[in-house]
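We call the chains A, B, C, D and E, going by the order they appear; numbering starts again at 1 in every chain.
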């Protein structure tokens, strides 16, 4: 548990020290995020060896104190967010095009990581509200870094995020009013399916769906991510939208009574399919590169939402592995895609997708990173996305009457193939390639390729991964 | 119809009003005000819940204090953002 | 991680896949002007793969067991295994990769982006090798989809508008097919995990409830692999992919893609379902009708093509369905015919494409009507083309005759006499669309002066008629096709090897 | 303290003061709504409300059980009076400036 | 509930509701801001009525006071053009109104059974109060039982300030302060420091605490800064940065020390709870006061470099 605590507090201390010393050195942030990664890895090892652990803050008895809970999945998420943060920090420091070097990006991104680690570890409803606020504010502050053009979308994102937090908070208040306890695992034992609980859970779910940009409430995401600087949109898409999803999963798999979960499962699963299809459809049609990648985030979250919905509907804990593999694979792939897209856009000097003609000649590595990341989003073997889709498909074939879900996944795959290969095919067009404005930044291209290769290698370590996610040895 | 229930319902109405305002209005300062109204609605529900036992529940009060500070910081940021967004238009 | 004591035999299958993957990845990083390094790397990879395949052939004949396993999915391992069936396909792809590499080096001399081309070229071959050596359905689907990814950049290599259109169509078909195959694989995986391929099939007897699921899975798998095997409704991508440069279309049609689909169908029928289960659920009938219809449809469409490569494409559509036909007969002799045709068709079709490429490169001949009197100018290439064409028609002693002969016998043995009619009819149709080309080539008067004569070699008919790297591969594969036909009886020939495999399948 | 001994008399006395203060408050509000210009409104609000508050403080202190809370109430009253006066001056000045009066006579030079 | 209690609650509730509706629907933005400030003050009354003095203090100081100032400051900077083109919420927004009514009714059904339930945390707090090292239960919860929430909340405040640093607020024309106002603010400032200190000190035994005291101090500082008696508090001064970051740093340091000494993260050694909490509260108050001041009136020079 000490390692997890170090992973939690280190970014917060770094942010405070950076502000106190008024320094904007990326190196300090890179070093500390490396240390955080090591601490997180150590906590993962620790939790694999001697099982889940709890830490009551201030040693107060359970109903009163906030409890930190270290499960294998939490430790894995700690490692995942530390890795993505390290990658984006190195990109922000190293890349020529990153506009975030001489701004407060460094302390803000450390705070973002700190609040995310606090969210992974905590198990208290109100504590989640405060971490969500911290996450939302940090994300909006980071989006606002890229100057005036981002203020409009940032403000809209902030207001909707505040509204969503208050919807969530009302749900928490009702749940507290009904059961008098704030800890999720204690709640799990006490809840039974009556109107107040149902309404409280649905309020919390709607609030979290808006914050995680899940399908019906995703409209703020494309504008916010497209106008944010590259490093920030990579962080947002890979990490920030995953926090609320984690809480949603804890709420429904641990907190809610089974009747409520079974009743709500199909609604979420259908929303997932709708996200897949509609998100993919708008990604297919948008002319702007970064909003294409943002819409693909909305679509890919559809997979996770569907896994969650089916997990609740069939009460099948094996689907946890599918849900979290989607999240991990999407996080890595999306970080690489956004970095690649940012580099392409900065070198070609245009936001449009049509400007990508002939990039396989001018910027082969960046385009290769984009394609490989796209491959994982589609779920081509042996990428992490494929593994997750395989685990999601397996329970679906138990009985034949699950065929609508299979058709949903099929459509989702084809549409995601559509918008990824729309860009890749364009890149092979050598009719009149668009020459890059100035010399492309080799280092940033290879950096963008790194997470894509990691996500493709994910399948090779699938055995320990699935063991961590479901706790059942292969 | 006890006092607690009256304030619970009042809190819920304020919350709904705030949500309605947030979704319907277009001018940013008014949307920020409606978010504040929504927040005070939730806080009223929480304080009413706290007033159920004769010596009021301190946990709820602590949570509402925390909520208030979060609300003020978010409002300050939102207002500065809306002002910066408008001002840049003029120069 | 890797269970059992790892002797050197475990590493050979992986070495075969890596022997083309590693050079390929290295070639990606080479600059355009490092021609010598790139050529040596290519050739080393090809020769190394051939040697390793030889070693494995020798080993399997001695009864040694080549198996490499890696944990991949929950009770779904990644297995690369060298058994009798996979060796046939891997030998074919190794040999033809060597000749096609030679041909591509000659063909693309001075063309831009060669590093990228040869990089994807070797990725594609390693995917084919992986597919051939795949030990279970999961590995097979994995390499099946990787093959799509590796071949797409080759199809769109020229980067022109038609190339991109062809690429998009190719992607739409193959990705759709890949997803269907994946769904089928998952469906079967839920029935009994993904154990290794077992000659005679590993699926349990069809219980009452699993009847529907097994048929559905069979349909999905056949549809998925049918896309690449160019079965009737799913063959659309093949003719449009002709826009790609000659070595790519040679690779696509003879060595890798089309064979992958056919090989997939062979694996599913023999090593997943097995003959007893297929006959019990009589799944083979629809497959048989579809194969026959594709054979006739392909030949008829080929008749109406004026473009040489388009005609060859449609002839491939029909030829590959011979393999499916042989498999769908479910008889041992038909199986031998189908399997051996897998190899024979590869040799003959690659020769035809080399020759078409030579004609296009040296004399800019694309249309069939431009081929008048080409025999005078390029006699050797025309001779190779004739051998290939005759083989396609089924004229002895070229290899094609033997596979058609066995297919006919197989049909009689199973009692499906109407299949014999189809074979004869398709033979006739082949003759109808190949003989005019041969007549034009040899007997029609040549034009006074060739419009464009690149004079790649010495420009004189004979050994110097075109660039030596373009000529020799065609000659080698033509002679191989002839040798395989003539020496069919010996135990080294693919026919004997096919007989050996079938004995295992039907445990005769 | 001696306050609690003679409560009935003080009780009724405090009622009188409270009613008076309510009356002054209402007068102040009506004045603010009805008066024509800003100055008279300011006048109404500050004067009437401060007086109302004073009466309220007296009324409540009659009821208060110890001198400590009476002291606090008086401090509050002083504070309100001070801030009321300052605010009234500021608003009047703002009113004058927005009307565009030329001679800013008493502004500190 | 007796009649006159009903009358009080009824009027308060009705007034608050009418004010809220008016704030959203009145035509001019200025009037809606003023009504919102009144709404805040009434809320403070309701918190007092519902037996939450801490909240009444906080709401009056932070909710009505500072938010009102922020809104008026923002209104002042909003350009003329924007102010003219105000369009209130049009009454006849049928469907959205209907939807929110339905939501309100659903929520009322959810809220209906709640009053007669009770919370398990109230007795838990009661019997843990002895070790919490503080007399007043709310402060105990804020700084002992749920100290992690309070720490994160300080971070939220800090984060809001860092976010505002990125924006480029313009420099409004600083009106030359009028002598009477300067005299009055010279009187008010020490008073606010005195009452702030009192609130902070009493926080451990009676309603009060870091946030309310911080808000009061901030109000005093803002008054002094607006009347020009206080120079610009630049972010480049080290002591300003130390003040702002002090609250979080001390809190974290004590938490980590607690964990290191074995009394659990954010746990205080048994004898030391009282003084440690006071130490944290002092630093938190200073940090909140400085942050709120710079949030409300921080200009480009002060906020950025």
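Quick note on the criterion: a residue touches a chain if its C-beta (ideal position, glycine included) is under 8 Å from a C-beta of that chain, and two chains touch if they have at least 3 such contacts.
All of these numbers come straight from a predicted model, not from anything done at the bench.
Undergrad: To get from chain B to chain D along touching chains, fewest steps?
TA: Minimum step count, chain B to chain D: 2.
Undergrad: Treat chain E as absent and tell me which of the other chains still form joined groups.
TA: Groups left after taking chain E out of consideration (others unmoved): A, B, C | D.
Undergrad: Taking the mean of all protein CA atoms as the centre, name the chain whose own CA mean is closest to it.
TA: Chain A is the most central one.
Undergrad: By mean C-alpha coordinates, which chain is most distant from chain E?
TA: Comparing chain centres, C lies farthest from chain E.
Undergrad: Of every pair of chains, which is linked by the largest number of C-beta contacts?
TA: B-E
Undergrad: Most remote chain relative to chain A, going by C-alpha centroids?
TA: D
Undergrad: Averaging only over C-alpha atoms, locate the centres of chain C and chain E and give their separation in whole Å.
TA: Those two chain centres are 74 Å apart.
Undergrad: Between chain A and chain D, what is the gap in Å from one C-alpha centre to the other?
TA: A distance of 58 Å separates the two centres.
Undergrad: Using Cα averages as centroids, what's the distance between chain D and chain E in whole Å?
TA: Centres of chain D and chain E (C-alpha means) sit 28 Å apart.
Undergrad: Quick check: how many Å separate the C-alpha centres of chain B and chain E?
TA: 12
Undergrad: Check each residue of chain E and list the ones that touch at least two other chains.
TA: In chain E, residues 107, 111, 114, 117-119, 121, 125, 145-146, 149, 153, 156, 159-160, 163, 167 touch at least two other chains, as defined above.
Undergrad: By the touch rule stated above, which residues of chain D touch at least two different other chains?
TA: none
Undergrad: Please set out, as single numbers or ranges, the residues of chain B touching at least two other chains.
TA: 15, 18-19, 23, 32, 45, 49, 59-60, 63, 66, 70, 73-74, 77, 81-82, 84
Undergrad: I'd like to see which chains touch which, written out pair by pair.
TA: A-B, A-C, A-E, B-E, D-E
Undergrad: Using the touch definition up top, name the residues of chain D that touch chain E in the complex.
TA: Touch residues, chain D against chain E: 79, 82-83, 86, 89-90, 93, 107-108.
Undergrad: So in the complex, which bits of chain B are touching chain A?
TA: Result: residues 15, 18-19, 22-23, 28, 31-32, 35, 38-39, 41-42, 45-46, 49, 59-60, 63, 66-67, 70, 73-74, 77-78, 81-82, 84-85, 88 of chain B touch chain A.
Undergrad: Looking at the complex, which residues from chain A come into contact with chain C?
TA: Those in contact with chain C are residues 358, 360-361, 364, 375, 378, 380-382, 386-387, 389-391, 393-398, 400, 406, 410, 413-414, 417, 421, 424-426, 428-431, 459-460, 462-463, 466, 474.
Undergrad: Taking the complex as given, what residues does chain A use to touch chain B?
TA: By the definition above, chain A touches chain B via 126, 129-130, 133, 137, 140-141, 144, 148, 151-152, 154-155, 158-160, 162-163, 166-167, 169-170, 173-174, 176-177, 182.
Undergrad: Show me the residue ranges of chain B that touch chain E in the complex, using the header's touch definition.
TA: 2-10, 12-21, 23-27, 29-30, 32-34, 36-37, 40, 43-45, 47-53, 55-66, 68-77, 79-84, 86-87, 89-90
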